[in-house]
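Worksheet: one structure, shown below.
Letters are used for the chains, namely A, B, C and D, taken in the order the chains are written, and counting of residues starts over at 1 for each.
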Amino acid sequence: MPPPSSLNAAKVARRWLTWLRQNPAALIGGALLTAFAVLALFGPLLTPFGIDQRVGPVYGAPSPAHPLGLDDSGVDMLSLLIAGTRISMLVGFAASMVSVLVGGFVGVTAGYVGGWVDTALMRITDYFIVIPALPLMIVVATVWAPSVVHMVLIIALLLWTSTARLIRAQVLALKERVSVRRARAIGAGHARIVLRHIVPDIVGLLVATTVLAVSVAVFFEAALSFLGLGDPATVSWGRLIQIAFERTAISSGAWWAIIPPGLCIALVVLGSSLLGTAIQHAANPKAGIAHVSSRTFRIRPVPEASRD
Amino acid sequence: MTESSPLLEASDLNVWFDLPDGGELHALRGVDLRVGSREKLGIVGESGCGKSTLLMTLMGLLPPSASASGSIRISGQEVLTGGERAFRIHRWKDIAVVFQGAMNALNPVMRIGRQITEVLELHDVATGPAAEARARDLVTLVGLPDDILRRYNHELSGGMRQRVSLAMALACEPQVLLADEPTTALDVMVAAQVLGVIDRLTRELDLALVLVTHDLPLVTRTCDRIQVMYAGKVVETGTPADVYHRSEHPYTRLLFAATADVHSGREELVSIAGSPPRLDEPVTGCAFLPRCPMAREECMTEAPQLLQVASGHAAACRFAGQKVRMS
Amino acid sequence: MAKGSPMRRKLLYGLVSVALVLAGSACTNSKADVRSGEGSVLRIGDTGSTISTLNPFLASNIFENAVFRYVYPYLVQYDTSGSIEGDFATSYQSTEGGRVWTFHTHPGATWSDHKPLTAEDAAWTFNAILANKDGATARFGSYLAHVQSVTTKGPNELVVTYDKPVATALANLSVVPILPRAVWGPYLSGDAGKLSGFTNDAPLVSGGSFILTSEKKDAYALFERNPSFYGPKPKLSGFGFQFFGSADAMISAIQQGQIDVAYDVPATAVSTLKKDSSLHLLTNKGTDEDTLIFNSSPGQTEHPELLDPKVREAFHLAVDRQKMVDVVTLGMGTPATSIIPLSLQNWADPQIGAEGFHPDKASQILDQLGYTRGADGVRVANGHPMSYDLLEPTGLTGHDRVVDLLRSDLAKIGVEIHVRVVDGDAFGHALVTPSPKAPSYDLAVDDWISRWDPDFMLSLNTCGQRGNYNEAAYCNSHYDALYNQQSTSLDLAQRKQVVDEAQEALNRDKPWMPLFVNPNLIAVRKNVHGFSGSPFVVDTTSRHQIDDSWLQ
Amino acid sequence: MAAVVAATPRAGTGSALRGSVGYLTRRLAVALVTVVVAVSANFLLFRAVPGDAASMVKVPGLSAAERMQIRADFGLDQPVGSQYLHYLGQLAHGNLGISFENRKPVTANLWQAVANTMPMVLLGTVFALVAGMATGLIAAWRRGTVLDAGGLGAALAFYAMPAQWLGLMLILLAAGHLPSGGISDVFLTDADWWARTADHLRHLLLPALTFGLASYGQYAVIIRTSMLETLGEDYVLTARAKGFSNWSVVRRHALPNAMLPITTLIAMSLGLLVSGAILIETVFSWPGVGLAVYDAVKARDYPMLEGAFLLLTVSVILCNLLADLVYLRLDPRIRSA
């Protein structure tokens, strides 16, 4: 990933594009996420049928008019799938952003302030790490009426811990850097040090964590919805799977009601994992050599041109 | 020293590395090398000149992204074309290596003793208690107490690690010892001690030594012959006296001049203006041209060949043997 | 690494043999055959249900009651057509104008532990219930309402005396099990303080046609024929309920012959099951009715317009019940407009609330009330938008479709619905918060399974049931009077008239707005014989369904 | 020779032992603090949620006095402080209380659920580990080849699939051949041991496979990464220079080092297994811990939830501790750190 800089937007964009070209994994990941983001934004304009509109028989099979068939109430699956994109992506991105904000704040505070604040924050983090995540989410989701906002908060509640730990470690290292020590020595304020000397150096890590967290958030959205804890007034991929599971899609042979939403989740998770890992590698490059490999160097004749 | 049967001989070695963007980097460009028995060869040059690549090529340890051509003979047997299998026969038995001090050349989760005995067992030198006894002898030889055998890498100091590496390298009584900047990352005192041990043991054990370093005073002190490398090529070769006092290549002269300025062989050579050429593009003419104080029109088109200026002394400069003054 | 080392080969053999065992076991499907023929085990599947307690005083779900029906004696039960017949009582008659009921019980009966089973057991059980009927034994106390005394005349005659004639005496007694004193004595003595802690684990001492041999929560309940049963011997040697987590698993089980009967098949699976030649599909008009519940208590102060019967009438007209039947039950259910489902032919009145689907009329009513639409299309009433929270309990397949349809139908007349899905317990909690007599929720949906006698459904909206079954917290003394009147009207025609009046009264006030009745769909393998359908999901009113079945 | 002077060992055997003890003590202390935090937080969590035993007991017509009695039975009429002390006292005796739902000891309910979950997750984990190891090692070994791309692709694909969906896919695939729900054929009461075991295995296959596949991807990716990092280490080059064959280099030098992070991963994931099984248990109606927790939430069975949360958190903490212990055994660097 190109380091953040004050260059103009066009230049930054160009560097990103170059980077993407050189990292096929990042390119695929970015393309997947972008495609689904576009679908989430403009999907409602594209849905061929209304999601309350019964257009055919129960579990009608795929046909040219309905390429993904119909659901258990005769609604067009493709339209439902597109409608579900919006909620799933919204929950995925919002939850990961909230969690990274919280985790980043806790991590920076713990790492920078240190002392008992650090200890207290890390013990709390420890608790959230060892507590069974999905069961806790279920408890909170059950007690709290289901809604998209609640879903986002519940997922973020358990997602911030790994960010907090990662950022804290990074901040601890950054704190000892010469530039930070110098800034402190000349009496720069804490806010200034954090904002000018620490935050810029963890931006890459934060971006990578956010992108990676999207996959976890999408997973949890699907899990909670599958357990019937999603907002009933909305359609999401997780809920589509739940509905198919509860309404005998399998014994009706309606694979088209089950496969597409799961595939969409898998693609988004894949996209965010690929892109996030690539950004992580770029922010923290490793040589990536292997001293042992099944392959070995090649022997070739000396080309005439290189004889000089 | 018998010129007729070199222990290690390489001729016209070329090595390329594939680059991610599809291009290649021509890292070694027709290197020749001969090491006779008990001979000490020093290889010097700036970082990136190909000296470490040369050493890896001699051991057959190039990565899969590399390709090589030419010939390497160990004890008269061709190994380069024989690939991994051919190299493996000779590794450690005939030719052993001590890696850079900065590297983690020792396995962190294996006791030092085991790392020595495993190689004894592998090459059928000794097994069981005999191997352990031999390992004790080896560490004593390099001046370490034998309880070091029960330790792990992280418990050792840098100097101790290099001594262990040396003991390990000597385990199977190789004829040729390769040493790749064995004292980088060590402080001056320790470096001197380690070099002292290497020097002493190569003499005591009748070893041939290939010492890769940018420590010019060191090579002139210890080696019988020096090869100066620049941009993947040997640009000058000769005895220390030839190379130091009668250098025929402007690069060699600048190199010694820079060393004299710095007064320390450990610092990177930075005082030659400019930087080496990029090797991912074809080099036409003399590679040193852009930095050369003696550059002439004709240097741009024709790559200079190694010109014999005296017995055992050659330089790859069109002006070698001519008394041309540096301007 | 090309040659396999002995070690690796061993591992390979191991893996292959495990795979073979699994593959072999995957093909063993022969056990279905073992069970056919006389004296075999009927395997029944159901989804989403469970047995969480075997203590009748704590029991609240239907499979628990089904267990008690088979293992405990009851004085009377229903026959398959919905009429009362004797069970432990061989004969019964009422005297003194219906105030005194005399039951003659099976002589020489025993419990499965060989202790004698006599009228004394019945008298002891009923008296124990009466002793704490407002406390620990309240679960059955209401079924013995107005009972003055329970006495015996010898071992085989029981006399139940009421303080006034009760029309529902037999219907109520058909619900109360007779318990073995040897087991229950310690828990029913005194104030029965230990009763709620008694788990009554299997195997139970049984007096019914079957013995419960083992039971595992959320998994199964297995029964064996009770050799000492007083009644006609069941043909089956045993039967069992298996509880599936998903309908798909149950359907795949019946198609593969792992179960013989699948209760409560979802409508979406019907077309699949009909294609399977090894299955019969029993379709019955059900008694499980979905209703929209209006909070009718004084606690609902936020939206006073919802208390107005005219607004409720508008809601009533705005909902397309046929569409609900089509979407939710795939046309197999029936639209409902009264709380007594049409499957109770003796009591239902199709005329009640049958105004039909008239959204325009509904809009007119709201217009006339002056509740005009705001800019967003939502009407404004009493200064607030007509935007309401609707509680939806989880766990009932199809409920969300019901709610979706309600929302879109009501949106068309300018009423906005926000759905809050809550699980069963939170739902129950919300209906009694802040207080059972004055909860503060707006609207809710729920479903209720009627019994053969209308008394139960009618009782749900009485003042006394507030905080318990009266989910609307509706309280109307006129209605209570009608309810009491029907329960003491011994003349059938007269009682029917009062029941109609009570239904009319409810239709006027609409604490509940009935929506539709779910069909009762049961899939049965063709080798099952004598298995009758029923309007109930699982028939807890009688032992006939299983006692009369056999396998071939 | 002057060189000998430099050869004084930096750390003695004694300090290595002290290092181990210190490390263990520190780890134990952190684990203990986390347990105390977890116990208290769990206790408070379930006091903060609405509803208690009395409001949950479903006895029609229960009077106010009766409800008070039930509250008293469960000790809910006491101040929170003394409830907490009482709770701790109970815990000290290994008593997790009585389930609101079925009035049986929570420990018995939990034990039953754990006994059901374990075979499923263990079989699945063994499968995931074996397959993940194979994929990860082969991919790292054949780095940059089609095999690597294929292996990594498959691993990522399985990683990306939601477990519940994967389960449904397997049910679709195995339709009619394998049972898709439950732990055994409940009507197989009079069958012999072999038939019952075969039946259990048939029921176990799909959920265990789902669990395995769902965790396989993660293992494969991490093993590949760890292996690649190790293969880039200098001592691997040394081992090759020593004349070891490629396979010996991997087996003797790379694997033991690559196993360090993998061990931690395995131990930590063991702790999360049980709660991770919730979705799979829902799909396959598998009466394990996951489903027990979910049912307890639905029934507001707080003693059961408190017990389950305690079990799950403590098992995570124990597994982390186990990871530390294994690390201590495998990595000499920690022993003297």
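Quick note on the criterion: a contact is a pair of C-beta atoms (placed from the backbone, for glycine too) under 8 Å apart; a residue touches a chain by one contact, two chains touch by 3 or more.
Computed from a predicted structure; not experimentally measured.
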Most remote chain w.r.t. Chain A, using mean C-alpha positions, is B
Most central chain, judged by mean Cα position vs. mean of all protein Cα atoms, is D
Chain-centre distance (mean CA atoms) for chain C and chain D, in whole Å, is 40
Note: chain D sits from chain A at a C-alpha centroid distance in Å of 23
Distance between the CA centroids of chain A and chain C (whole Å) is 45
Whole-Å distance, C-alpha centre of chain A to that of chain B, is 49
Contacts with two or more other chains occur in chain A at residues 142-143, 245, 250, 289-291, 293, 295
Contacts with two or more other chains occur in chain B at residues 61, 64, 84
Chain D residues touching 2+ other chains are 50, 144, 171, 175, 180, 233-234, 237, 240, 246, 282-283, 297-298
Pairs of chains in contact here are A-B, A-C, A-D, B-D, C-D
Chain D residues touching chain C in their complex are 50-51, 55-63, 65-66, 69-70, 73, 98, 101-104, 171, 175-183, 185-189, 191, 195, 198-199, 201-202, 205, 247, 282-285, 287, 291, 295, 297-300
Given the complex, residues on chain A that touch chain B span 22, 289-291, 293, 295-302, 305-308
Per the touch rule, the chain D residues reaching chain B in their complex are 1-4, 6-7, 9-11, 16, 144, 233-235, 237-246, 248, 252-253, 256-257, 260, 330-333, 336
Chain B residues touching chain D in their complex are 59, 61, 64, 84, 88, 91-93, 96-97, 99, 103-110, 118-119, 122-123, 142-145, 147-148, 151-152, 154-157, 159-160, 163, 165, 168, 190, 193-194, 196-197
Contacts from chain A onto chain D in the complex sit at residues 123-124, 126-127, 129-136, 138-139, 142-143, 215, 219, 222-223, 226-227, 238, 241, 244-245, 250, 255, 258-259, 261-262, 265-267, 269-270, 273-274, 286-295
